[in-house]
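Just passing along the structure, written as structure tokens.
Each chain gets a letter, A, B, C and D, in the order it is written, and its residues are counted from 1.
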Amino acid sequence: MPDGIPQADEGWTVAGRRFRSRLVVGTGRYKDLEETARAIEASGAEMVTVAVRRVNLSDSSAPMLQDYVPPDRYTYLPNTAGCHTAQDAVRTLRLAREAGGWNLVKLEVLGPPPFLYPDMRATLEAAEALIKDGFEVMVYCADDPVAAKRLEEMGCVAIMPLGAPIGSGMGVVNPYMIKAIKAQAKVPVLVDAGIGTASDAALAMELGCDAVLLNSAIAHASDPVRMAVAMKHAVIAGREAFLAGRMNRDYRADASSPTAGLIR
Amino acid sequence: MPDGIPQADEGWTVAGRRFRSRLVVGTGRYKDLEETARAIEASGAEMVTVAVRRVNLSDSSAPMLQDYVPPDRYTYLPNTAGCHTAQDAVRTLRLAREAGGWNLVKLEVLGPPPFLYPDMRATLEAAEALIKDGFEVMVYCADDPVAAKRLEEMGCVAIMPLGAPIGSGMGVVNPYMIKAIKAQAKVPVLVDAGIGTASDAALAMELGCDAVLLNSAIAHASDPVRMAVAMKHAVIAGREAFLAGRMNRDYRADASSPTAGLIR
Amino acid sequence: MPDGIPQADEGWTVAGRRFRSRLVVGTGRYKDLEETARAIEASGAEMVTVAVRRVNLSDSSAPMLQDYVPPDRYTYLPNTAGCHTAQDAVRTLRLAREAGGWNLVKLEVLGPPPFLYPDMRATLEAAEALIKDGFEVMVYCADDPVAAKRLEEMGCVAIMPLGAPIGSGMGVVNPYMIKAIKAQAKVPVLVDAGIGTASDAALAMELGCDAVLLNSAIAHASDPVRMAVAMKHAVIAGREAFLAGRMNRDYRADASSPTAGLIR
Amino acid sequence: MPDGIPQADEGWTVAGRRFRSRLVVGTGRYKDLEETARAIEASGAEMVTVAVRRVNLSDSSAPMLQDYVPPDRYTYLPNTAGCHTAQDAVRTLRLAREAGGWNLVKLEVLGPPPFLYPDMRATLEAAEALIKDGFEVMVYCADDPVAAKRLEEMGCVAIMPLGAPIGSGMGVVNPYMIKAIKAQAKVPVLVDAGIGTASDAALAMELGCDAVLLNSAIAHASDPVRMAVAMKHAVIAGREAFLAGRMNRDYRADASSPTAGLIR
């Protein structure tokens, strides 16, 4: 019955690169690099994001991420975690490019604690400088459709609004704005940050997003490898549900539909 | 790294029968029996519920469900859809047992339209009669922990509270009561009814339920086979997330956690 | 501009008695009877519910509720808090009637801890016995539209579904079922239990309910008298909003409406 | 019992002006100026915001707002509705100041339709120019705690994050970020936009906000004057509930508390 089998999801493309997995995962907050490697493998992710100011990528006398998460197998996406100014973020990614040749990057510039919320003014400034400098910028941003559109028009290759602040595990608090951002975007939209568990990731995908980026949800689970498995399935579930077109909601149930003769 | 691979979920057991799939699906509301068959196969379900008053199970001069959904491959769970009194429900299942030998059954007795909500008084009455009569009763019920406990003590083999009324697609409206029912139950608990999309099914499983039963979410999707695939993954995702133990929620994000030197 | 002033809300009627205030409050859980009195006065309530098994209504050698909350000013509504069987509930209210002449009563029969959830089977049984015995029964019940209708048909004078379990402060968890219960009812519907703060009470009224019954939300606030003031206004706010007819929700905001020349 | 009566709420202060009412209302979207006047009076508001580009404030040959909403009784807060650039907003408010002497203003600069969402870059730019020019700026902004802090540090006299986009009636979609903005602010915080009904306004106040600004919720209700009454009470209810300190939420209800001997 070939017509009964849905076409396999062909994945998504960012900056000319195609990925089958719609899950992008972080590499930090794990117990050790072995756990990092096992969880990432279990997640099925093909792209991993790396905090270049926090992870050892170059000192071969100490354990290096590359020994556990091979760069020939995973697309490395260097990020600017820990940067609180545009200048810092730009400098960090230039150093990363010099060291590893990475051109596709994740920009995040956060405001001051305690809320790990993006500083959108600094983010716009850094995005402009990085794009001018030839980087392909995937950008972490507020769930603000006006700023998201500006980042896209500036040349960012992916827009990555938060579901909730980094590390909060609150889920997708404002699904309306994620939908608004997706509705107007011509580049991929990823929910980045806030995902706490599998149903959050599925919901993000049901909103029509191209992919989900998460870290703490896996790394801070009691069993990170198992949660990685959960997230792998959650993202597929959400994508397939989006493509399938969900039933209508109606709390009066089948009040108005004919039921006679129907099988339930 | 064998210790890094989570033990495969071993599935769940009801009335002495083991199932690997934690998804139970209905057989009605589809365009035709071919679509029914394709969607059920795609869902990975091993148990299917059948409205014995609405589906042709015995007239071999017309298309029969068994020709499309083979009973030697799927566990048939006859249900009492369309019954509005205890007497009707009991009679319906007795006839089904005589016809097909089915002993494991799903009891549902609904109140009057428009709300396809269980009539709990009639449900309790019917459950009592059916159990006395030797049936193994999986019971659709309100999200009422007192009635759920009573049904269990009476001998029901599975408790199946609604997430929302049948056919409403509203999701799990009251997760607290589903958790309450699960917390006190010694028999399997399934969310039955209300599931509208993949994230709803994942959430039901994250609450600790043993399985999910749904029909309209698949049959009324624009592409039922694709939604069946979504649900298959959603239930796995939710179960694995439950077993993995989710991170804590904290909207202040990492305010209080040390960040110096951490990889993010 | 007399046509500009909305008609004052005329209140609601139960068992032939008219009340202007749509707030009914409990009399327990306070620090002492003085605080009870002050909070009730501040709430503007005209009807108070009294746990006859827990409060001193007859031993004049000890502080009596009547000395603080005068029965000639407030309608006393004896309730069956602490009763876990129909027999207990019926006996309790008979004793109350003998002692105080109270005929209008609140029936609640709870299941076992930890969930202070109504035992609907026992509630139905007790309601039947009490009505036969001439009581006017306002009944605490699950948010179950089938049971609610049955209680009304049996002769209960008010249907009082929970917003959430007693003492939980979770608010109105399932607004759909409260609306469903109200939509079909010909007697007053009150949300009873679950209210945690003012917006919960306003929401309950916006669903179309006739009144709200609460206790812990006031008694367990840091400043009970102040919360009583809050609740007084919340119930008016919610009722007026219901009568006013709210604007439509549309997350795309004014996308489709003409804006040229409009004052905003 | 004077100690039993809570201190009356003393209101809030912005730019040195004290207001007892914590409700600020718009003057547009009504059927006519008579309805505008009646609704505003019913709301109890003391401050009204006026779209200077849309309402007639100067042509005395046509009906003028001032004839219906007397400026000696209400504080006029000119706003920049309809402005989509910083330049436009600044020019509009300069003209308003010349015409009416208004120095306390509401700045809003929106992005393009269909989402009437603030353009935060333009808002920051306009705020800077206006403050330099001597205006006292109350600023409509995204629910972005980093931008909100920047606006405060720049000298804005009140921070007014959206609950949801203008005219959407979606309520306070992200209460976490409103709380975050309030937690760090030393100037008044008002929820501005998104309020759809009374419980939304109460919730905004329960989050600790100083006041609420709304327009469509009243003007687009079926009975605007009645909804104005609702909002008046809702804001008081929410404020009093905030000051009272709400009970804890616990879905297990009184599971762990001693109940023996307690009055309920």
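Heads up, the rule we're going with is that contacts are C-beta pairs under 8 Å (C-beta built on N, C-alpha and C of every residue); 3 or more make two chains touch, one makes a residue touch a chain.
Note that the coordinates shown come from a computational prediction; the quantities given were computed from them, not determined experimentally.
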{"item": "Most distant chain from subunit B, judged by the mean position of its C-alpha atoms", "value": "D"}
{"item": "Turning angle required so that subunit A lies on subunit D, C-alpha fit (0 to 180°, nearest 5)", "value": "180"}
{"item": "Cα-centroid distance, subunit B relative to subunit C, in whole angstrom", "value": "35"}
{"item": "Rounded Å distance, subunit A centre to subunit C centre (Cα mean)", "value": "46"}
{"item": "Between subunit C and subunit D, centroid-to-centroid distance (C-alpha), Å", "value": "32"}
{"item": "Overlap residues in subunit D, where contacts from two or more other chains coincide", "value": "115, 164, 168, 170, 176, 180, 251-252"}
{"item": "Touching residues (chain side subunit A, partner subunit B) in the complex", "value": "1, 4-6, 26-30, 34-35, 38, 42, 51, 54-55, 79, 81-82, 113-116, 164-170, 196-203, 206, 215-217, 220-227, 229-234, 236-241, 243-257, 259, 261-264"}
{"item": "In the complex, subunit A residues that touch subunit D", "value": "110-112, 115, 117-121, 124, 142, 144-147, 149-150, 164, 168, 170, 173-174, 176-177, 180"}
